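Chains here go by letter, A, B, C, D, E and F, matching the order in which they are written, and residues are numbered from 1 within each.
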Amino acid sequence: MEKVTSGIEGFDKLLFGGFPKGRAYLIAGEPGTGKTIFCLQYLLAGAKLGQKGIYISIDEKPEQVIADAASLGWDLNSYLKVGLLQIIDVSNYFATSKLGETGINIDHIVDDILGYVKKVGAVRLAIDPIAPLVLAENKVPEVAEYIRKLIFAIEENETCTTLLTSYVPVGSINFSQHGIEEFVASGIVLLRLSKIENKFIRTVWVKKMRGTRIDLSEVSFEILPRRGLVLRQPI
Amino acid sequence: MEKVTSGIEGFDKLLFGGFPKGRAYLIAGEPGTGKTIFCLQYLLAGAKLGQKGIYISIDEKPEQVIADAASLGWDLNSYLKVGLLQIIDVSNYFATSKLGETGINIDHIVDDILGYVKKVGAVRLAIDPIAPLVLAENKVPEVAEYIRKLIFAIEENETCTTLLTSYVPVGSINFSQHGIEEFVASGIVLLRLSKIENKFIRTVWVKKMRGTRIDLSEVSFEILPRRGLVLRQPI
Amino acid sequence: MEKVTSGIEGFDKLLFGGFPKGRAYLIAGEPGTGKTIFCLQYLLAGAKLGQKGIYISIDEKPEQVIADAASLGWDLNSYLKVGLLQIIDVSNYFATSKLGETGINIDHIVDDILGYVKKVGAVRLAIDPIAPLVLAENKVPEVAEYIRKLIFAIEENETCTTLLTSYVPVGSINFSQHGIEEFVASGIVLLRLSKIENKFIRTVWVKKMRGTRIDLSEVSFEILPRRGLVLRQPI
Amino acid sequence: MEKVTSGIEGFDKLLFGGFPKGRAYLIAGEPGTGKTIFCLQYLLAGAKLGQKGIYISIDEKPEQVIADAASLGWDLNSYLKVGLLQIIDVSNYFATSKLGETGINIDHIVDDILGYVKKVGAVRLAIDPIAPLVLAENKVPEVAEYIRKLIFAIEENETCTTLLTSYVPVGSINFSQHGIEEFVASGIVLLRLSKIENKFIRTVWVKKMRGTRIDLSEVSFEILPRRGLVLRQPI
Amino acid sequence: MEKVTSGIEGFDKLLFGGFPKGRAYLIAGEPGTGKTIFCLQYLLAGAKLGQKGIYISIDEKPEQVIADAASLGWDLNSYLKVGLLQIIDVSNYFATSKLGETGINIDHIVDDILGYVKKVGAVRLAIDPIAPLVLAENKVPEVAEYIRKLIFAIEENETCTTLLTSYVPVGSINFSQHGIEEFVASGIVLLRLSKIENKFIRTVWVKKMRGTRIDLSEVSFEILPRRGLVLRQPI
Amino acid sequence: MEKVTSGIEGFDKLLFGGFPKGRAYLIAGEPGTGKTIFCLQYLLAGAKLGQKGIYISIDEKPEQVIADAASLGWDLNSYLKVGLLQIIDVSNYFATSKLGETGINIDHIVDDILGYVKKVGAVRLAIDPIAPLVLAENKVPEVAEYIRKLIFAIEENETCTTLLTSYVPVGSINFSQHGIEEFVASGIVLLRLSKIENKFIRTVWVKKMRGTRIDLSEVSFEILPRRGLVLRQPI
């Protein structure tokens, strides 16, 4: 099975080479655990190899994403100019309607995104986060069915490997908001921020990954300028 | 009472010979605990004995299942070709309608599956997972009644022994999503991934099994290339 | 007050002689704790004394009940033939309608059962489990009132002593699904499966029993071939 | 403030003399903790002093109450004959309608009870339990208002001192089902059954009592033949 | 900022002088923790200084309040006669309608209370408890807005300092029933009853107080005849 | 990336210079943890530098805010007079309608606030708290979408840096009432009041901050006259 390098220093080893190609993986974590940096680092790793990547920005405007990356020492603009990286600003879908209005057409957004990914031939995709594409749906009992179809639609493009970040409510034991994404996705990577003996420690843990052996260790990492996430050793 | 070998190394001993024939058992576990591998191993064990088996694939496409098995060193294709193994892609039922549409006819899917199982004379069946066959039903107070009828329908075919995998929400104390499957099924096998003194350990635990004595021990296992789940010793 | 022997070795001592006659008792426990075996043992104890008993089978078909008992070394058929034991297959009420249909007439089932019990002069009755007779009711706020009337209807037959098994959700602190059965029933027997220092131990605990003194000890037991539940000593 | 003796050996000391007269008190406890015996003992203590008492039986039929008391060595009949004790069988209100019917007129029951108490000049009343008089009400947001009015109606009769038992769900931290009774009632007595070092111990704890000093100690007690609840010493 | 003495021995020290004048404070606690005594003591302290105070009685009738105070050695009547203390019996608003009726006009009650407070020139007010003025409202999503307006209405009278008691469900971590009162009120005083090494201890803890420094210590207190709450030392 | 000084002694160090300019940050904490003081201190720091700031007062009237600040030794009036600080009294929006009325037009309030901020050229804004701008919305499934649009609207003004305080229910593990604000906001500052070995300690913890490195330490602080929050050292 073909593997896709994550670009995270030390992480591919946990996957025995990288992410199995053409599937969708959940990058789960509480706020502030590094999910967005994980995604950008993944896309940049591809761009450096000449692979086209697309970042779907839902909670931030593209300028904010670029500024945030710059504060880490990453120059997204050079890749944006040559088309190896694109940031699609889905926030517009949400922001243009009046505050009191609803009824955003999620299907339309998803169709637009996936069609565009195929059209430009992107092989790396990050949707950060996945929840807003689900929450606007207004019929609770069908959420499970909806998420299943959404991930099927994403995985239909077998040449593109996708990261989906998920909101993990603070202190929660779930990996996602609906508790269903984690079963349907082809893998789960959990990012955590723990307080051990009054020191804060960031860790990453591959909880599930179809189609490859995995190292179950929970590994600590740092977020460093220019290098982003850097794994250290199992804890 | 006739027993059916599980094909899991060391597991039949816990059941004093194997699964009592002709009933439906719950294989419960959090994501990433090995439920799908358990099912495939069960079906392959039958195929090697010349018994026909059917795998109902709901969260993955058949090609993904085959690729995942290949990454473990299992060649499903050889059994698929001779008809000793079949993978029915139920995902199509879910994926063909538009994202925003609902109303999948679950009855129809179940009738199709069970009719086909009988027609081809399969004696081993795995439905992985059972939840989507329930969740699409939109009337909550009738879920218990529905699950009862569903498992009755499955157990009506007394020559076929069935495994049903169930979503166990992370950190949950339930064995299934509705908390009812575990009472109606004829047995429960719980797969767990625990962190003991910073080491991760996989265990299997037979919690209930009608019609046979069982060993209540929780036994650790590994997932090994070509051999799949291999039980070691009680913990 | 007249007492009815339970047939469980060592158990009547906890009740200072047996179950007070003519009432309904809750046999509560998680799946796999031995509730069905408790019921069958109770009925067989009566049959051996020439007392007619009826087992209401809801989650299993009669043939399965008979096969399960046989696997324990109990030959139900000899008692079934002479009419000292009867298994009423209520599963048919649930199984005959199409999967998607609902609206089973519970009142009708209950009337049928209780009328039949009276007609044949049964003095021992086991309804295993009670929950499905409640759950199909679709109006939540009236569940408490419904359960009260159901247990009143059962206890109206003062010559028949009844066991009702209840689903205890795994890890739950309740004794029943609705948390009301335990107040209305005339007694509660709790079956548990605990893990103490990596060993599994089965225990029984009489939590409440109207009309008799009880021993509050939680007592361990084994399930043995031919003897069924056998109590050992308090833990 | 005038005090009413409880009749429970050792209990009045916790209340510095007894229950303040003319109010309603909650006797709270899980099933099997002795609430019914507490009520009967309270009524018998009055009867022995020539005070009329009424027991409202909701979960049991009068014959069952009498039989249960007899098993403790108490002869209720002698007091029933002379009218010092009456058992009103409210269960009939619940039992006469068909299983599937609802809509019992609770107001009517309460009016009947309170009118009768006044008419016969009873000074001790026990409603065992209070919950069914509330649950049949079908509008949740008004439950608090309803309970307030119900307890006001009961306390309007200032010559009668009333005990109300409340269902405490097993393992719950509430003192009543709605969590409101405990604020409106003039006092709370909590009965508990605890497991301390593998021994079971029954305790009583006065948590709140308007109009009198109280001893906050949690005191252990036994249930003994003829003497009923007998307090021992603080734990 | 002008301070108002609480009248609780040792308590004003925690507030660096007393309650900031003209605002509304939450006195929170489980049943039986002394909230009503706290309120009466606060009003009596004012009455002794010639300040008019009003006690809004919702869960008790005025005669009960007077009797309860008398049992503590407090003679409310002397202050009631001269008009320095008034007890308004709001229970009548709740008790006069039939049990099954609802729809009490809360707005009307609040208008009546606040208008009366202004008219008689009361500078101390206690509403015991606040919850019933909220619960009868039947639209849940607007409860937050309602509570905000209610407390605004109360604080509009800047010459009157108000105590509001709140129901804290037993074992709850909230300070009020809706979890909103605690944010809108100008201060929170929490009364607790804890079991420490088998001894019961009453404590008071000022959790929040706008407009003044506070001592964050949790201080133990006793309830003594004639003196009411008497603080001792921090725990 | 341009940084904005917080004005909190010792706090900017945790942010490696201050808040990244032009975004919205959540100041989260239970009642009484110092959120309002944090906001005022932030605005005063700007005013001292000649930067215009606006405080949106929702739970308190401007006079109360001024009085509370005065009790800390801060003279807001001098800045209010010269227009470097403005307090907008949103409470009027909530207080003017009758108690029983609802339907406040939140959109209108938000438009008014943001338009005014732009018009006067304010570069510091504090909305204390954010929740009431959300709660009055009556359609639960759309809350997530609404919060996203609200924060987008606030962050559209890139010259203004905004603090939003959030209600953290007591004892809760969430950082906000809806559990969504924390994902959409550009940063989270958590204020806590902990009891460690019977001493109360106030701490601040930067949990997330886009666009800058942060020190993850949880740092203790005091609230001192004139100086407000003063950080000490990591705990």
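Operating definition for what follows: a residue touches a chain if its C-beta (ideal position, glycine included) is under 8 Å from a C-beta of that chain, and two chains touch if they have at least 3 such contacts.
Predicted model only: the values in this text are computed from it and were never measured.
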> Among the remaining chains, which ones contact both chain A and chain F?
Replying inline: none
> Roughly how many whole angstrom separate the Cα centroids of chain C and chain E?
Replying inline: 51
> So, what's the distance in Å between the C-alpha centres of chain D and chain A?
Replying inline: 59
>> How many angstrom lie between the centres of chain C and chain D, each centre taken as the mean Cα position?
In response: 30
> Can you list the residues of chain C that touch 2 or more other chains?
Replying inline: none
>> So with touch defined the way it is at the top, what topology do the chains form here? Options are line, ring, star, complete, other.
In response: ring
> Can you list the chain D residues touching chain E in their complex?
Replying inline: 1, 20, 23, 106-107, 110-111, 137, 139, 141-142, 144-146, 148-150, 152-153, 155-156, 173-175, 179-180, 182-184, 186, 188, 207-213, 216-218, 234-235
>> Applying the document's contact rule, which stretches of chain E touch chain D when the two form their complex?
In response: 31-32, 36, 59-61, 64, 67-68, 70-71, 91, 94-95, 97-100, 102, 104, 129, 131-132, 135-136, 138, 140, 167, 169-172, 193, 195, 198, 200, 223, 225
